[in-house]
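A single structure is presented below for examination.
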Amino acid sequence: MKDKLNHIAVLTSGGDAPGMNAGIRAVVRSCAFHDIKCSGIYRGYQGLIENDFEVLNARSVRNIINRGGTFLKSARSKEFRTKEGRQKAYENLISQGVDALVVIGGDGTFNGAVVFNEEHDFPIVGMPGTIDNDINGTDHTIGYDTALNTVVEAIDKIRDTANSHNRLFLVEVMGRDAGDIALNAGIGAGAEEILIPEEDLGTDRLLESLKRSKKSGKTSSIIVVSEGDKIGKNIFELAEFIETNLEDYEVRVTVLGHIQRGGTPSCYDRVLASRLGIGAVDALLAGERDIMIGTVHGKVTSVPFKEAVAGRNKIDLDLIRVADITST
Amino acid sequence: MKDKLNHIAVLTSGGDAPGMNAGIRAVVRSCAFHDIKCSGIYRGYQGLIENDFEVLNARSVRNIINRGGTFLKSARSKEFRTKEGRQKAYENLISQGVDALVVIGGDGTFNGAVVFNEEHDFPIVGMPGTIDNDINGTDHTIGYDTALNTVVEAIDKIRDTANSHNRLFLVEVMGRDAGDIALNAGIGAGAEEILIPEEDLGTDRLLESLKRSKKSGKTSSIIVVSEGDKIGKNIFELAEFIETNLEDYEVRVTVLGHIQRGGTPSCYDRVLASRLGIGAVDALLAGERDIMIGTVHGKVTSVPFKEAVAGRNKIDLDLIRVADITST
Amino acid sequence: MKDKLNHIAVLTSGGDAPGMNAGIRAVVRSCAFHDIKCSGIYRGYQGLIENDFEVLNARSVRNIINRGGTFLKSARSKEFRTKEGRQKAYENLISQGVDALVVIGGDGTFNGAVVFNEEHDFPIVGMPGTIDNDINGTDHTIGYDTALNTVVEAIDKIRDTANSHNRLFLVEVMGRDAGDIALNAGIGAGAEEILIPEEDLGTDRLLESLKRSKKSGKTSSIIVVSEGDKIGKNIFELAEFIETNLEDYEVRVTVLGHIQRGGTPSCYDRVLASRLGIGAVDALLAGERDIMIGTVHGKVTSVPFKEAVAGRNKIDLDLIRVADITST
Amino acid sequence: MKDKLNHIAVLTSGGDAPGMNAGIRAVVRSCAFHDIKCSGIYRGYQGLIENDFEVLNARSVRNIINRGGTFLKSARSKEFRTKEGRQKAYENLISQGVDALVVIGGDGTFNGAVVFNEEHDFPIVGMPGTIDNDINGTDHTIGYDTALNTVVEAIDKIRDTANSHNRLFLVEVMGRDAGDIALNAGIGAGAEEILIPEEDLGTDRLLESLKRSKKSGKTSSIIVVSEGDKIGKNIFELAEFIETNLEDYEVRVTVLGHIQRGGTPSCYDRVLASRLGIGAVDALLAGERDIMIGTVHGKVTSVPFKEAVAGRNKIDLDLIRVADITST
C-alpha cells in the first residue's frame, strides 16, 4: 500500500438491498471530508472488469439516502470468477489510480474479495449489504430492517383479507438459508406458525398445531414460510397437503417476492449504512484491509472477511419461544 | 314494504375490499341519525342463512374507518344459490324484524340480490365493493383506488431492484376480467408495457416493443400483466417465452396476490364508501329498491341491479394511448 | 404562431405539488413521441427570466414519476410581475427558439400567463398543479389526492394518541381559501368536526356539538381546521377557547404544515398528471392556447385561463351532510 | 408474595407509544401460556385507583399487534401522587386478587412504581414504553424505532418541497431532554444540521455552518431541532434569527407534533415489545420485582427501577461525527 490513501473506489455487488445508497453516500462524503478522491464503479465486479468508473463528489450523492436499490447498480459477474477476469479488474484499479476498494454486498461479494486478494495484493474493506442478515460479525446487515418492515406491512394487508374470509394463508418470504426474516417478521406480523430452515417443525406437528389453534377459537391463520425451509415440500405442495389433511380450511398462497428487496430504507438502515460507510473509510485510513465493517452490540467494529462468511447459525432460540407464546 | 322503515340490516359479500368498513360505518351511523334500528349480518349471505345477526349502534363502528377488510366478514355461500337457502334467509329477515337490506359487494352479490328479490319481495339496495372496478353505473367501486395505490407502491419497490440489476420484471395484478387495475397502476408505476384482457397486444408486438425499448437506452423494464389477460400464456410461460426470444434479458416474475385486497383504505375510498352508505339509507327511505348506489360524475346516484352487473366495457381507450406515450 | 411546432418548453411555478414530476415527464415524452424538441425551465418564471433552460429527452425524465416535488424546481418571481421581467422572459423564449410553453401551477401561475399573453403573443397552455384543488374547470388538481392521503394518514396517527389519552385534538390542514382538503380528509379521517372557510359553524355551535358528542359516549375527538377557516380565531386561540368553555377537555393542537406538499404521489395523481401532460401537448398541436387542460367528469378537456382562475365555490354541500351524519 | 402467581395485571401509563399494544398482548398471552389469570387496567394508575379492571384472555388481544396507541388507554394521574391515591390503588389490587403488576411506560411510570413499593409491598415489573428512548438499562424503548421512521418519512416529504423551492426548513422533533430521535432521524433524513440538548452547537457555529453549506453548492437545507434543545431560542425565534443573519435564506418552520407518537409499529418495536412482555412474566414467575425488563446487546435482561430512571447520557458521540461527515 502506498503511504497515503489518495483514491478510494466503491461498488455494490450481489442482490440489492435498501440502504446501499446510504452506504455509498457515506463512503463518498467521508472521502470528501478526508480529501480523498472517490470513484464509483457501476455494476459491481463486472463493471470493475469493464472499467466502468465515475468520479463522485459530495454533491453526486445528493438526495439518494432515501432511495431503495443502488444507483451504482449491481450484477453477478461470471467473469470475475475467472483468473483472467480478476486480472483485468486489477489492471483497471491500477490504471485508474485507485488505492483501495470498498465493496458493499453479501457473502458472494466477500468471497470474491478474498480470492482477489490472494492473487492481487490490494486493500479491500467490505460492508454487509443484504436483506438476508446472513453475515457473521455484525448485529444486522444493511437492508434487513427495511425488509422486515416491508414483510410485516404486506402480511398486515393479507391479514385483512384472511380475517374477512376465515382463511389460512401461507406467505413465503425471502432469506435464502437464513430464517431471520421469517422468524422476526412472523413474530411482528403475529403469524400463527413460522417455518424456518433452522428448525424442522415437521408436517405432523404443523397439522396438530393448526387443529389446536382452530379449537382455541382462531378463525383465520397466517403461516410464514421461509424460502429456505426444509419441510420437504414447496409452498404450493404444502398448501395442498394442509387442505387434504385438515377439514374446513380454505388455504391461499402468497409469495411476496421481489418487493422485499426494494422500498425506501428505514431509519435504522440509513443510520447503519451511514456509520458503516464512514467506518469503512476510517478502517482504510488506519491501514486495515481484508475485513468487513459491521456493528457488534451497537458499536462499529471489524471482522476478517473469512469470519464474516463462515457458516453461521445465529437464530435466537429465545425468539422461537417468543413466537410460540405470542401465537397462543 | 311496511309504511315506515324501522330496521335495516347490512352485510358484506364476495371478495373483501378496503373501504367496506367505512361503508358499513356510514350505513350504521345513517341509521342512528334517522333513528332506525340497524343490524349487521356476519359472513354475507351465509350468515343471513345461519341467522348470524348483531345489533349495531353508532359506537359499534368506532375506529373502523381506517381498517382494511370487513369486520362483518365475508363469504361465498353455496347455500344461497339454492331456493331452500334463500327461503331460510328470508325467514330470518322476517323473524328478526328487518325491513330492508343493504348489501356491499360485487356482481355476484348483486346477482344474488336479484334472484332473491324475484322469489321474495324484499327491499334491497347495493353498494359496489370490490377492488376490480368491474361494475356498471358507478365511477369507481369501493376499494379500487386503494388497490391502485397498493399496486403502484409494490411496483415502485420492484423497480428499485429492476433498476439495480438491469432486469425485466413481469408483475401480475388482480382485476379478474377487467384491466382497470393493470392499466391505471401500470401508467402510475411507469410500466413499459401493460397487458390487459380488453386489448390483445400479441406476443410478437410485445417482443418488438421490448427490443425498441432496449434500443432506446432502457436497461430495465416492468411489464404489468392483468390476471385476466388473454395473451394465451400464463405469466410464467410468458417469462420463458421472452427469455427464449430475446437476448440479454434476465426475466423475473412477481405475482402480487392478496396484498392487493388489504391495507388501510385511501381517503378517496373512505369518502366514497361514506357517501354511498348514506346514499343507500337515503334511497331505502325514499322507497327505492333493487338498485345499486354509485357515483356518476362525482354525484351519488342509483342504477338498477341488472344494469350494474350487465357486461361492461369501460376501458378508456384514451388511457391506452397515455400508456403508450408515457412509456416512450 | 409558426406553422409547425418545433420546440416546447415546460416549467413549474408556485407551490410544489406531488405529481408535478409526472406531469413534466408526460410533456417531455409526448414531445419525444411527436418529435418535438423539449426544454425544461428551472425555477418557474424566474428561471425563464434568467434564461435557465435545459433540453430534455425521454431519458431525462426516467424514474421521476414516483417522486414528490418538482425536479425543475419552483419559485415565486417578483420580477415576472414587472413589464421588464416579462419582456426579458419573452426574449429568452424567442432566443431559445421555443414555440410554445406549458406551465404547471395554480392560479398565480395562470394569472401570470394571462398577463404575459396580453403583452406578448405567445402560445401557453396550463396544467393545474396544486394540492389546494382551488382551480375551476377540472375535477381535481394534480397533488390534491396525494395531499388527502397524507393528511388522513397523519390524522390516523394522531387518533392513536387521542384515543389512548381521551383527548381533543385540533388539526390544522392546508388549502388556502378552499376547504376541500379539510372536508374530504376530515370525512376520511372520521373527524368529529370540520371547520372550513366556506361554512361558518360558529363557536357556539361548535361547543354544543362537542358537548353532545361527549354525552353520546365519545371520549376523544379530532377537529380538522382548514387554514383558511374564518371562525375569527387562530387554531391556538380556538384551543384555549374550548378549554375555557368546556370542562374535562384536554386540548392539543397540531399544525400539519409542509408534509402535506410532499410525498410519493398517489396513483390517481400520477395518472392525472400523465393525462394532462399529454393533453397539453395535444392542445398545442391543435393550435389551442391561453387555456388550462383539466379533466371534467373524468375526460380530458380545456378551459380558458380566465375561467380557471375565476372565483370558485366548489364545496359540495352534500359532503357537509356526509360529515355530519358519519360523525354521529 | 404468595407461593404461586395466580393473577397478573397490566397497565400502560404516561405518553403512549407504538408497540404498547404488542407489549400488552405478549403479557396476556404469556399469562395464558402459563395458565395465569390476567387483567388489564384501563387508564394507567388512574384506572387502578378507580378500580377499572377487565379480565383479558388470549383472544382479547387479537389483531392489536399492528395498532398504534394502547387499547388499555393511558393517563397521567395526580391522585396516584398522593398517599391516599396509592392506598386506594393497593386496596383494589388486593380486592381483585391480583398477585403482581406489569407497568408499561417511561420514567414517570417507574418512579410511581418505586414510591408505591416503598409503601406497599407489591411485586411490580416494568417495561420501557416511550418514543423518547430516555431510559437506562435497555438498548431501546418500545416505540422509539417507529418514531424514528415516522420522523424520517415526514422529513422526506418536507425535503421534496425544500428541494423544489431552495428553502431552509427547521423541523422540530420530540424527545424531551433526549436528543436520540433528533440525532438518529436527522442522520437518517440527511439533515444538514441537528440541534440536540446534549450538545450546544451555538448559534454562531450554526450560521457559519449554513454559510459553508451554501457555498458548497447546497440550495436547500433541513435543520432538525430537538424539542429539548438548549440553544436559548424556541424554534420560531431561531427561524427569525437565521433569516435576519443570513442573506437569501427563506426559512420555514414545521413542528412535527403528535404524529410522532402514533402509527403502525415497526417490526422492530413489535418484536421488542413481544420479547419484553414475555420477559416480564418470566421475571415475575422467577420471583423478581422492582425491576424493568429491557434488552441489552440484544438480550432480554433486567435492571432495578432506580437505575432505569437514573439520569442518563447515552448520546453516542460517534453519531455526532457521522452526522457531521455525512452532511458534508
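For clarity, chains are labelled A, B, C and D in written order, and residue numbers in each chain start from 1.
Following the convention adopted for this analysis, a residue touches a chain if its C-beta (ideal position, glycine included) is under 8 Å from a C-beta of that chain, and two chains touch if they have at least 3 such contacts.
Since the model is a prediction, treat every value here as computed from it, not as a measurement.
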{"item": "Chains touching both chain A and chain B, listed by label", "value": "none"}
{"item": "From chain C, the most remote chain by mean C-alpha position", "value": "A"}
{"item": "Chain B and chain C: spacing of chain centres that average the CA atoms, whole Å", "value": "28"}
{"item": "Where chain A and chain C are represented by their mean Cα positions, the distance between them in whole Å", "value": "39"}
{"item": "Centre-to-centre distance between chain D and chain C (centres being mean Cα positions), rounded to whole Å", "value": "35"}
{"item": "For chain A, residues that touch 2 or more chains besides their own", "value": "156, 159, 163"}
{"item": "Interfacial residue positions of chain D with respect to chain A in the complex", "value": "25-26, 29-30, 32-33, 58-59, 63, 65-66, 139, 145, 148-149, 151-153, 156, 159, 163, 184-185, 187-190, 216-217, 264, 266-268, 270-271, 274-275, 277-278, 297-300, 316, 318-319, 321-322, 324-328"}
{"item": "Chain A - residues contacting chain B, complex", "value": "12, 15-16, 18, 20, 43, 67-70, 73-75, 150, 154, 156-161, 163-166, 169, 252-259, 261-263"}
